[in-house]
Amino acid sequence: MDFFFEVLIGGLLAGVMYALVAIGFVLIYKASGVFNFAQGAMVLFSALTFVSLLERGLPFWLAFVLTLAAMVLLALAVERVVLRPLVNRSPITLFMATLGLSYMIEGFAQALWGAQVHGLELGISDEPLAVGGMLLSSFDLFAAATAALLVLVLSLLFSKTRIGLSLRAVADDPVAALAVGIRLQRIWAVVWAVAGFVGLVAGLLWGARLGVQFSLSLIVLKALPVLIIGGFTSISGAIVGGLIIGASEKLAEVYLGPFVGGGIENWFPYVLALLFLLVRPAGLFGERAIERV
Amino acid sequence: MLYNEAGQFSTRYAQDRRVFRLRQDRHALLALLLFAFVAVPYLGNDYWFSAILIPFLVLSLAGLGLNLLTGYAGQLSLGSAAFMAVGAFATYNFELRVPGLPLLLSLALGGVCAALTALLFGLPSLRIKGFYLLVSTLAAQFFVQWALTKFSWFSNDSASGVISAPPLQLMGVDFSSPAGRYLFTLGVVVVLFWLGKNLVRSELGRNWMAVRDMDTAAAVIGIPLLKTKLLAFAISGFFLGIAGALWAFTYLGTVEPHGFDLNRSFQVLFIIIIGGLGSLLGNFLGAAFIVLFPILLSNLAGLLPAGLIDAGQVENLQKMVFGALIILFLIKEPEGLARLWQRFRERARRWPLRY
Amino acid sequence: MSTRHSAVPAPLLALDNISLSFKGVTAVAGISFSVAPGEICALIGPNGAGKSSLLNVINGVYQAQEGRIHFAGQVQRRMRPHDAAQRGIARTFQNIALFKGMTVLDNVLTGRNLKRRSSWLEQALRVGRVAAEDDLQREAAERVIAFLQIQPWRDAIVGTLPYGLQKRVELARALAAEPTLLLLDEPMAGMNAEEKAQMSRFIVDINREFGTTVVLIEHDIGVVMGISHHVVVLDYGRKIGDGPPDQVRQNPDVIAAYLGTRH
Amino acid sequence: MFKRSLLSSLALAVSLSATAFIAKADGEQYFPLQSYRVGPYAAGGTGFFGGFIDYLKYVNANGGVNGVKLTWSECETEYVVEKGVECYERLKNGLNGAPAAATNPLSVGIAYATLDRSTADKLPLITINHGRTDSTDGSVFPYAFPLQLNPYSEVSAIINYIGQQSGGLDKLSGKKIVTLYHGSPYGKETNEVLQALADKYGFSLTLLEVPHPGNEQQSQWLNIRRAKPDWVILRGWGVMNPVALKSAQKVGFPADRIIGNIWSNSEEDAAPAGAAAKGFISITTHPSGTTFPVTQGIKKDVIDAGHGDLADPKRFGTVYYNLGVVNGILNVEAVRLAQEKYGHKPLTGEQVRWGFEHLKLDDARLKELGALGLVQPLQLSCSDHEGGGAVRFQQWDGEKWNLISDWVQADRALLRPIIEASAQKYAKEKGITPRDCSQAS
């Protein structure tokens, strides 16, 4: 039974890591209706920039600030070059544009910083903690705490600041928001910058886990089913979705895997998400619009 | 004048329905086919057949497969490579396990297997729309790859899971040489494009576009949504499956499940974005672009003085240019290269007049 | 108040106590009325009265929570869009629901999809009856196109046409299905007087030439009184008037609703 | 017409650019390089091709091979199979008159896809430390050379090492070994052989798959923790390796009981895992380091002269770099040997093939080359295209690899029948009549 809980808790903690990536998606989708496939590339770019600056001898905080500045610049560029010309186009078109964007960012990141594998130490030991006969990863606990803090900061940002209020207005009803004088473009830039920040945090945590390298951009594939289950528009949905996916995929691999030969973690979350969708076509927390004709 | 349309009036609906209504277009097509079937085998060399023409043809076909589903029926899919893989591995197994089965028949049966797989993963499409549907096609992508790697029966228990193509023989004629493989591929692709053209101009094709443009209205005028969507998935799967089999058999001569990973699905998607959604010609243009562009760029980089830019940077540059082009196309020419060609043709029809 | 049924024997369409709500908000509350074969029936009422919702219930886009629909001698608890089409109900939409990426001809042809007998496989391979059937479908589509006088735009992409023309193409698509009941949701919205007159003439002609029963929603009282045989008045999801135009015009509730004295 | 003109103008540009700037290269021997310097596996590609190119430069700096200068050109594959095929087709005919000696793709997928082509084009396909195991049987695969170490030898040597550590192969009985493998054909390839070895020696074997790319391994390592094995064999690739080490630490499994295979043995595999990698053991066919005379020579003649290929000079002497150097030595030796038979001039692939097949490197020759201890003694023949089959074990100390064993030989006699059976099956599927190796010269 201990083992079961160990797997469950390990899965939940892994789920938090997925959720971290998913939150970036949610922010952008909420504010601009764009399903941003480039989020993975943004995670790669931020982690690579950060670690390269670190290796050039910059102190941690300065590297962090500079990387954040780079992410903001990226957000501004994306808004100007991609989003603005594509305003009012179909969501599918925007999605495909982000595919192109992720190619651009990946190419740029590697051209700039090279393709070596970098180690990244955040100074958090990963010695396992023994809690009641179970081993828990201290790093994962740290990651979970960071995620919680991040969600807290984001929710404060959205509930207490002017920009947050306008953002909620835009998410609710873009037309009405425009009518009351909210500048959509600015909101988009801000949201992409915030998503860049979330990407940076995710990039640091994932980079510390995997090493900073090209494969970082592939974590977007882990975040997709999380989004599907949580719904595209809800941050708490992303967290809950992450927990569900993390826990169930680990449990499935351990208890179901042996019957089919294992290695099912790549597709299991997708099938699970699919089953969820058949019951709730807009995810757990998403709202299904009534079609008007 | 290039296009002399004088005197070419359709007097019967059958004439108006023709794929190419103008005589000049029909002649051009005929000339093109003659050129492709007769002249190219004499003019081309191994490099052109093996590294450019065959992948170009196969990717055009894959593009057609996805275009039917995405460009015509409006269902976004990131599972193209999975259906290609099913086609490749099914064809391989039909050839291997059913002695004496003609190659073309195993190819078609491989396509049918891919169609059935696509059908299965298309089932949720009635209930799930838009991005949410991506999850279904991605499930197909990951599941198929896993299953093909996991169960070594699919690769005839080869330790490495890599299958290798049997000799290409058709009615006693050997097609194993580069030119032979090119002709074989060309033949299959031409027939399937003819089929595709008929499909998109048929009732089913119109129903697909109706579902794409507005599915509520389509339902109201009596178009059965589930059947229409499922047929789109199945037929798309069929075309993709055959493309996958050709990829394995006539292009690489070998294939492993990993060769049909998510990147391949993206590649096929890019073909139709760049070539033109909802255009048959666009598949050729997009595939030509995808095949030739990287080669061109890396050759051009070879022209630069050595050491100025290394091979890796060229690849990075290519990635960036590629991404930028996709965005540029979506902004400036959402209908892709096919639309550019169409404009050019319209101008040619009026030439030398300008209005 | 006036819940009196028009005493027409064997109506083509009869709604029986239909109720519909969205997430607790009532759109239609217990509405009943019937439409005789061959008549033009107008649904009128202020915005938000539930007119469009009612049309959506009739052809199955929405499912009513309560009530029954009688159509052509059959009673149904709920209609599905596909059933409705198969049983001869066609319609147009308030905000034009054409297939914008297709040509006018193709749009009209989609309207005839139920008349097709050959399978998709025969069509893909172009064998057997396909060519002959293509000709028949095309002829029928051309008749509709000629009838509504949109020949010059036959090969134009619908999305590029002006609004008024799109309205006509949508009517053509509905008409191509050779319906017994035609539902028109504000066919004249946003048109100038000349266009309205033309559209009215088309509707009356369709009704006369093909004997098609028409249910239409229209705000222009002048048009409504001019072309319809029967008017049903809705307000806040309830029926407040039902009868021949002249009679409805006298109804005090209707006058109150339209002049706004009640609100 | 637009399409055609587009095609033809592109074609023109391609052919123009391919033929432009012809530098006279007659009298040189050409190596087509299907390299990969970007993408997920760039770390391996830059190291390997860096070492390979530096060695070729070193040979040129010292007069070439019997006066024949070496030349090469690169074509980026990004580890993608069809790009590798395109590169193969583009480069196979040599460069400006210099004939191609052999292809060295360093990619299982590209190797498979160019196997038939290599045979048809009579161009040796060198898959050092990887490739099709059964291509060891040169009677069926005349042009394929899985030099030094094929995948089966790899696991056999690891089991032999574990046997040594346990005090003899007979002590393996009752031991518990887990193999953690990459969910790909490469990862699965050795499962059958491992099972056969488990049956033979009586250890219990658990096979656990990590789905590609391997950036999540929590459940696998929890399973390992539950199973409490004596050893874990890590058959990883790319990002899977550091993640495995980190996850092992997370569940408290000691790194010095994990043995990495040949693609889990580089600095790039261990270093990103940081402290978690300390103690990690892996096999290698060649030590890392810069102290061998040949690497010193490269440093003096190439790197210090400013011609080194590595973008990051710190990677000089790393595992991948040295593998490239080893690969360069073997290729050049094959050319040198073939020149003895066919004359001191640029040779065709067919002629170089003869050189590979008769490659013989003993300690004396290795000493001459300055590669004693870097390259294992090697002898190839018509029926044996692998030649070596020995590995050394190294341990990561947090900074670098240190050798911890002498050469450990694979049980090649045991593996041979399995390899032959597989090669025969392939020959039958493809309709190949195997050569008679007793007749080969």
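We call the chains A, B, C and D, going by the order they appear; numbering starts again at 1 in every chain.
Simple rule for what comes next: contacts are C-beta pairs under 8 Å (C-beta built on N, C-alpha and C of every residue); 3 or more make two chains touch, one makes a residue touch a chain.
Since the structure is predicted, the reported quantities are computational estimates derived from the model, not experimental observations.
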| item | value |
| --- | --- |
| Contact distance in steps, from chain B to chain C | 1 |
| Identity of the most central chain, Cα criterion | B |
| Chain separated most widely from chain D, comparing mean CA positions | C |
| Averaged-CA centre spacing for the pair chain D and chain B, given as whole angstrom | 35 |
| Rounded Å distance, chain A centre to chain B centre (Cα mean) | 33 |
| CA centroid of chain C to CA centroid of chain D, Å | 72 |
| Numbers and ranges of chain C residues touching at least 2 other chains | 61, 93, 97 |
| Junction residues of chain B - those touching two or more other chains | 146, 149-150, 216-217, 312, 315-316, 319 |
| Chain A residues counted as touching two or more neighbouring chains | 110, 115, 261, 263-264, 266, 293 |
| Residues of chain C defined as touching chain B within the complex | 59-61, 81-82, 84-86, 90-91, 93, 97-102, 106, 109-111, 113-114, 116, 120, 123-126, 131, 134-135, 138-139, 173-174, 177 |
| For the chain D and chain B complex, residues of the former touching the latter | 1-4, 6-7, 10, 13-14, 17-18, 20-21, 35, 37-39, 42, 46, 73-76, 78, 80-83, 85-86, 89-90, 93, 108-109, 112-113, 115-117, 132-133, 183-186, 188-192, 209, 211-212, 311, 422, 426, 429-431 |
| List of chain A residues in touch with chain D within their complex | 3, 6-7, 10-11, 14, 110, 114-121, 126-128, 135, 137, 139-140, 206, 209-215, 218-219, 222, 249-250, 253-254, 257, 261-266 |
| Residues of chain B defined as touching chain D within the complex | 28, 32, 46-47, 50-52, 55, 96, 146, 149-150, 152, 155-156, 159-162, 164, 166-167, 251-259, 263, 281, 284-285, 288, 292, 294-296, 298-300, 302-303, 310-312, 314-316, 319, 340-341, 344-345, 348 |
| Chain B to chain A touching residues, read off their complex | 76, 124, 127-132, 134-136, 138-139, 142-143, 145-146, 149-151, 216-217, 262, 266, 269-270, 273, 312-313, 315-320, 322-327, 330-331, 334 |
